[in-house]
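The chains carry the letters A, B, C, D and E, assigned in the order they are written, with residues numbered from 1 in each.
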Amino acid sequence: MSQNTPMPERVDQIVASYQARSTALIMVLQEVQQEYSYLPPEALQRISERMDLALSQIYGVATFYKAFSLEPRGKHLVSVCTGTACHVRNSQSILERLERDLHVERGQTSTDREVTLETVNCVGACALGPVVLIDGKHYGHLTVGEVEKLVEVIRQCPCSVQH
Amino acid sequence: MSFEPNLVGFLCNWCSYTGADLAGTARVKYPPNLKVIRVMCSGRVDPNFILDALARGADGVLVCGCHPGDCHYVEGNYKCQRRLPITRMLVGEMGIDPRRVRLEWVSASEGVRFGEVVSEFTEEIRSLGPLALQEWAFDPAAADAQLAHQGGEHA
Amino acid sequence: MRPIASPKELNDLRGRLRAAHDPNHTWVQLCAGTGCLACGCEPVADAFRQKIRGEGLEEIVHLKLTGCHGFCERGPLAVIQPQGVFYQRITPDDVESIVDQTIKHGKVVTKLLYRDPATKTRIEKAEDIPFYKKQVRLVLRSNGHIDPKSIEDYIAFGGYSGLAKALTTMEPERIVDEIKRSRLRGRGGGGFPTGVKWETCRKSKEEPKYVICNADEGDPGAFMDRSVLEGNPHSVIEGMIIGAYAIGSHEGYVYVRHEYPLAVKHLNIALGQARELGLLGPNILGTGFAFDIGVSRGGGAFVCGESTALMASLEGKVGEPRAKYVHTVEHGLWDKPSNLNNVETWANVPLILEHGADWFASIGTEGSKGTKVFALTGKICNTGLVEVPMGITLREILHEIGGGVPGKKKFKAVQTGGPSGGTLIVETRDAKIMHSMEEAGEIAPGDAVTSLLDLPVDFDELTKAGSMMGSGGMIVMDQDSCMVDVARYFIHFLIEESCGKCLPCREGLRKLHEILERITKGGGTPEDIQTLQEISDTLIDTSLCQLGGSAPNPVLSTLRYFRDEYDAHIRDKRCPAGVCKDLVGYAITADCVGDAKCAKVCPTEAITGGPRNLQVIDQSKCIQCDACYQVCTFNAIVRVKRDRAAEVQVAARQAWKPVKERTQAEARA
Amino acid sequence: MPKPKLGLYWAASCGGCEIAVLDTELKVLEIADFFDIVFWPCAMDFKYDDVRALADGEITLTLFNGAIRSSENYEMAKLLRAKSTVLCAFGSCAADGCIPGLANFTSLEAITRYVYDDSPSTVNPEHVRPQPVWDVPEGTLRLPQLWNTVRTLTQVVDVDYVIPGCPPQPDQIKAVVDAVVDILKNGKPLPPKGTVLGANPRACCEECPRKRDVKKIRAFVRPHELIPDPEICLLEQGLICMGPATRGGCGAKCVKAGVPCRGCYGPPTGVHDQGAKMASAIGGVIDSTDPEEIERIIAGIPDLVGTFYRFSLPGSTLRRRQV
Amino acid sequence: MPKVNITVDGRPIEVEEGSYVLQAAEALGIDIPTLCFFKYVKPYAACRICVVEARDKRGRTRMVTACNYPASEGIEILTRTPRVMAARRLNLEMLMSRCASMPVLTALAGKLGIDQPRWGTGTDTCILCGLCVRVCDEIVGAQALGFASRGIDRFVTTPFEVDSDACILCGACAALCPTGHIRMEEAGGRDVVHSEITLGPNAAIAVPFRQAVPNAPRIDPDFCVHFRTGGCKVCAAVCPKECISHDDVERFEDLEVGTVVLATGYQDFDPTPMKQYGYGRLPNVITSMEFERMNNAAGSTGGKILMENGKEPGAIAILHCIGSRDQNAHPYCSRVCCMYALKFAHLVKEKTSAEVYQLYIDLRAFGKGYEEFFHRILEEGVNVIRGKGAEIVRGGKEYPEGTLLVRCEDTLAAKFREIPVDMVVLCTALEANHDAKDVARRFGISVGADGWFIERHPKLGPVSTTTDGVFLAGVCQSPKDIPDAVAQGSGAAAQAMSLMIRGEVEMDGAYAVIDDEVCSGCRLCNDLCPYSAIGFDETKKTSSVNPALCKACGTCAAGCPSGAIRALHFADEQIYAEIEGILS
């Protein structure tokens, strides 16, 4: 599918689908990120040309919003909810344990590009707190002791996050 | 005595005529065979003039104008540039050597060149010899003689 | 579908839809909100479909995936209509019995009914469950009943009748008037009168005008707006169309968090349907009024909940707020008059139009009309979404609807208004605090209110009490929450979310965090309290936007109500709640039964002891990860001041007896 | 009052002009009625001697058609000049030389050789040639002698008026007749000598109904190479139409039929030489300044002389080809 | 804008409604400190150092930033209350704790009474005031800089933190940066520092040179930020007389005139191809024009005669006829060189003690007083050698460094000379402008072989041309000195005036006419006329000539196939008669 379309053309398609409106910059970046799992510099350059926006503005937006990553991300995306509800249910411990067991710091991608560990401020599943999302799937009511099992899930899951 | 060609020149007022003038003031030597008729522009030269001159006994006709692009009237010389070939072709078909009709560009500063052109043209026509048009004029005496020779009137 | 060309046609359509509804059919209204999706409603839905098909009941039994029912704690849940039986915590295996017994034979499956923990009885109908009993569901009225992906459902439930009324019978000025008379106040937290805002925007001479729906629900622990957008997107759309008509706008935007993919999906479906039916577009309901709505997804920035930042973000820029000395209703999006309201506010509008301002104004208190939706989370039994009339007390919400704090833990505080709203309401009978509040004029001297929990939920009352309504997140904390840590947590959250433009917010939050972190690590000094206060004041005074301006609230409110916890951290280097790792030590008491669960989960193998023996924590190896504490079902692991841990262990060793001996002793006793 | 006398003569011509007179239909009767026809060899039996018998100037009007191609033509031209008060060159041959005049493109010798020897159908092994004077037992036979150069009537005798056309159009003939009758009957003054009668002062274009625009020519085409647009000037379509350089009066019959004007009415007033004038006009509008391209465009006109001088070679400036 | 009355620290002032409080304070001379404010970019209100207390009519007091708080009727502004000062101090202290000790911060700290910032100082040199980002966006319009990331991680950068293609190296960011965090690094900038550009190397506004006429600054579009980005225009904002316009563009003006005086002058002959003189190759070989410029008091050396090494030359050779009277260049005499060469000699003698050598072919001192001047030069001790300079070479080792040897044949002494000098002045020829031909063509006049414009008649019409109303003045007609040029110019002006004063032009009656009776409307002539003098009457179906437009070239007359067009004065009959006449 789209992976087969070369980068500039794919970016052009995305930009065109929003009629190159400057208002759509954030959504364009979201789609590009979905396509490549991150925002490749060449893509930003292309968007700048196609949308007639200064690269500095695009770079500013890409670094400002948490949804964007300028680095390639791992095969698996592990998001630990650190919303207040989860925080008071001790998500911090879960996070620390995950960091320890996955050998990757929050906000980073493991050196083997397997896992990206990030935190999110509330996924809205407060009733399940503390919650961890692994490749978009919710794992709720977790305890630190269950992290080991989660790591197993991540390590064994053949699928990767649908970028 | 060698043949002295009778030449008619049509010179544009701004370049060639001035160039001829310059040739004069510069004391450029050239043969006296060319009789000059001044026209305002080489574009004024009607092929009729050329034919008329030839018919009236000229051995050659020289048309001179400004160099292409330099026309005082912007593009009059271009018209001449197009009329002359057709005239030469016509003259040729009429059995007259087209070399007897020549177009040259001579600018106001080319006094020397004007002299050269005239000399050259004179020599060329000299080598072609006189242009004696056959039976151009109607000779009533000859016609009457023929009639007489016929021995009188037709029935 | 053919566009609806007049209000009459809309009425006709509604009539036809209602007539088509066969009362003898069964509807399974399965909650498919994010909460239930997360706890597995999809397999349940599949099981229903399979079973219905297997039984050949497709004609008379319909599965309807609805928006959030609110009672997330008990999900996945479903209501079987027309009987109205409420089933909760359904697993795919339960589907068989639901169909066989309830649907086919009208019998109730008792084990799936909600069991009231207080009375220990099973309750059949949702409305009888305490969680629902006290609620007044207006905005959420259709959530749980309608299929959010079906505009017909919405119309059948009376949807778009408010719009029809507004467009055909009312002048725009009258609509503004109606909203003003209803005394609806912005549900985003500020509580600004909606009608007044509309009026200012309407009067602004610039063109074009924009209406914007703020669905960038950034407060952690708040999911009211998401549930409305997911479960009933048309109510928001209808509200926006009415607003646009009243203000004179032809272009609207909904700015949604990108973390809410389902909401975006449902919203887009709804917009498409509305356009198809001519409820959006160049000629709405044949009246000639033109309006359309675009959806913009946020990029993950809390600050974009701030109106000027949101508008910057809508323009495709970095979400930096700007000075609001010039109001957005006059110079907003692209410097044009822009009317921004949040999801819940917009969802209230059709109700007011449909039922009238007087009806709306009859609900609630003098200053605050209507209802408010809260997301009840944290240490509370009934996590979920509740809608209550203004004026209800916090106690009612927390204890009666919420079911109180789970386990035997003690309730400590409730936090409303999100991180930057960050306000804590504490249940306290501490005379000292009450006295200070009296002094500050926040409560009347000798007020009968003995607990802040008895405060009515009302914009003005809560503000008077030094609290605020906030957008609706309500996070409950129990004894295990450290208030210094909570303050630090919020400040940390805000550091990450501050845009960094203005100095006080950027540098002040960092400074606050430095100090709080030092305190939680045992390095606090008594002067820190004064510094926290000073920085907080400066932040409030000089921040560019409300993110910075309200950021110190968690610090100030915890300082005010839980000064003792600060003191414990600073003076005693002790965390009373046992949260602050650097101050806490883990120890195992004599209550240990020796099941060695703790040893199994310990990542550093710090716990030893062997089976059926007292477990011992090697303090040098312990990393305070809390795993053992969470896993122990016997409350044998305690969090104590770090330097006391060894002491506790020694005592435990002396007191410990094997379980067998203990039971024998008990038996003897 | 005696009837005015009318003479008609046919020199080197095809006879078309005579037929044109007859084509005036009933007018002929009027003519016969009004005039006393004293000489019309084509139609009536007159002998040259009948003419010779007349007093000088006795013939009121002679319409002389045909070019002067032979000694006989010359003799009759002189004779009729003498006997006529008004001598009128009637038709293109008399006026400009016309088709017979194309003989000037070659020589008498070449023509004779071709006719008596070289033409494919000729068998003349003894190379017999016509002899102007030949003695036979009955006496001496005389043949008029052909000239090497064809002349127009104007070139050999003094001509009063010219009626151009190949042939003059019948309605023009009628108009002339009417005018003459008017003059003679009513004693009107004669037009100045040399006036061209039965034609327009303006060129043929005046009568042409085609739409004319500014002209620019990039290539010439021949009539068989193109189906011309019926609305637009043929010259603009690249066809050499002699119309602009040809006297009007014919009613632009050819161009109306989609055929370019060939120039039979001769040069208009003020034009010396029809062909050279046409060459000049066309040269002016060739759309190029590149000498080579100009040559190429001009080369698109085959047979320049035949095209430009089809009807006027003997009357042209150069009169004949140099052979 | 309506006016409103406000008070600042109790002092009333009337200001425009909506103008910022900071401006009002400034007008009153009340100092409000700022870190992120710059007059020509939009207020940003990020540093919050300019906070003040504002009390509205209802008595509500709130803290606002002076830089962007709009004035409204009756507000009271208090700039130095304890609350304000405390906030300013604390904010500054917090900023300082992160930033290195920098003058802009320590100075402000001193002003606010901070002796020691309570959290000390840090290391960062950027205070995130955003001036650079905003100037790059709002004024420069390049948008090369921006903020990246957010919150405490926020920093100023170019995209991807690499050199930006969008950067135009204008340096505005560096100029505005209050801390020196941004510096300009060498990146292929202008390296020429010329004393004549008075406002510095990168100044887009400068007086071209000191004696420029008009002597006013002009904007160099190659360096002006506005012309590169569309932004800036700060100069226009600061100019009190509102003299600066960025909208003026080069444009072609169509002037309707009746007469034209061509005074297009000449160009200097470039002696570079004449390798024997080493111009461009040898040091201190300069052209006469360069020497003249050097002598100018406002010139590059301030009027001193100096060599490239800045020293005064000891000997100077002045070579005449470089490019003039030379069959390999221009055969003509440039006419002015002899006399200016003598003047040079005089100047050298006057300004230096250098030895001067004049190398000439013939000395043409033909004007009034010229011969006398020549004699004066001789008396001044100038060496005048008759002989054209043949070659210039570097002196060998026996000569001091930099010596040039000028070789020539002294034709009076009949011997070869080799003159060692320090500087050579080449008196280069005057030559026609390279585009003289184009100019001539445009005006319908001619140029001679040398490229000079040709006058109508060398004696009888020396200033007029073959085109009526076009006159010549000065060197464009032929080399001449100043008095001659002035004389010719006056003549040309007088001739032009005489035409203009009359107010109308008498046509000489030579034009084409179309005989309406003959024209058949074939339209063959219509496109022949380059002056569009021939029109076609659609109703009459005939063409006609507008005599006022007709220039009488006669092309149409030649081209009329119907003989309807008659060129008056050059009518067919006249020409036939001429032909007949000359051939009879």
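In the analysis below, contacts are C-beta pairs under 8 Å (C-beta built on N, C-alpha and C of every residue); 3 or more make two chains touch, one makes a residue touch a chain.
Predicted, not measured: the structure shown is a model, and the values here were computed from it.
In terms of the stated touch criterion, the partners common to chain B and chain D are E, listed by label.
Think of each touching pair as a link: the shortest run of links from chain C to chain E has 1 of them.
In this assembly, C is the chain whose CA centroid lies farthest from the centroid of chain B. For this structure, the chains sharing the highest number of C-beta contacts are A-C.
Distance from each chain's C-alpha mean to the overall C-alpha mean is smallest for E. Greatest centre-to-centre distance from chain A is found for D, with centres as Cα means.
Centroids built from CA atoms put chain D at 101 Å from chain A. Chain C and chain D have Cα centroids lying 113 Å from one another.
Once the centre of each chain is set as its mean CA position, chain A and chain C turn out to be 24 Å apart. Distance between chain A and chain E, defined via averaged C-alpha coordinates, is recorded as 57 Å. Residue positions 147, 149-150, 528, 555, 558-559, 572, 576 of chain E are each in touch with at least two other chains.
Of all residues in chain C, those touching 2 or more other chains are 301, 318, 496-497, 499, listed in ascending order. Each of residues 272, 277, 280, 283-284 in chain D touches at least two other chains. The list of touching chain pairs reads A-C, A-E, B-D, B-E, C-E, D-E. Interface residues of chain D, counted against chain B in their complex, comprise 47-49, 52, 71-72, 74-76, 132-133, 140, 142, 144-145, 148-149, 151, 155-156, 272-273, 275-277, 279-280, 282-284, 286, 288-289, 291, 294-295, 298, 301, 303-305, 308, 316-323. Of all residues in chain E, those touching chain C in their complex are 44-49, 51, 63-65, 68-70, 83, 86-87, 90-91, 94-95, 97-98, 119, 128, 130, 147, 149-154. Of all residues in chain B, only 43, 46-48, 50-52, 54-55, 68, 78-79, 81-87, 89-90, 93-96, 133-136, 138, 140, 143, 146-147, 150-155 touch chain D in the complex they form. Of all the residues in chain D, the ones that touch chain E in their complex are 201-206, 212-216, 233, 235, 243-245, 248, 267-272, 277-278, 280-281, 283-285.
Residue ranges of chain E in contact with chain D, taken from their complex: 515, 517-528, 541, 555, 558-564, 572, 576.
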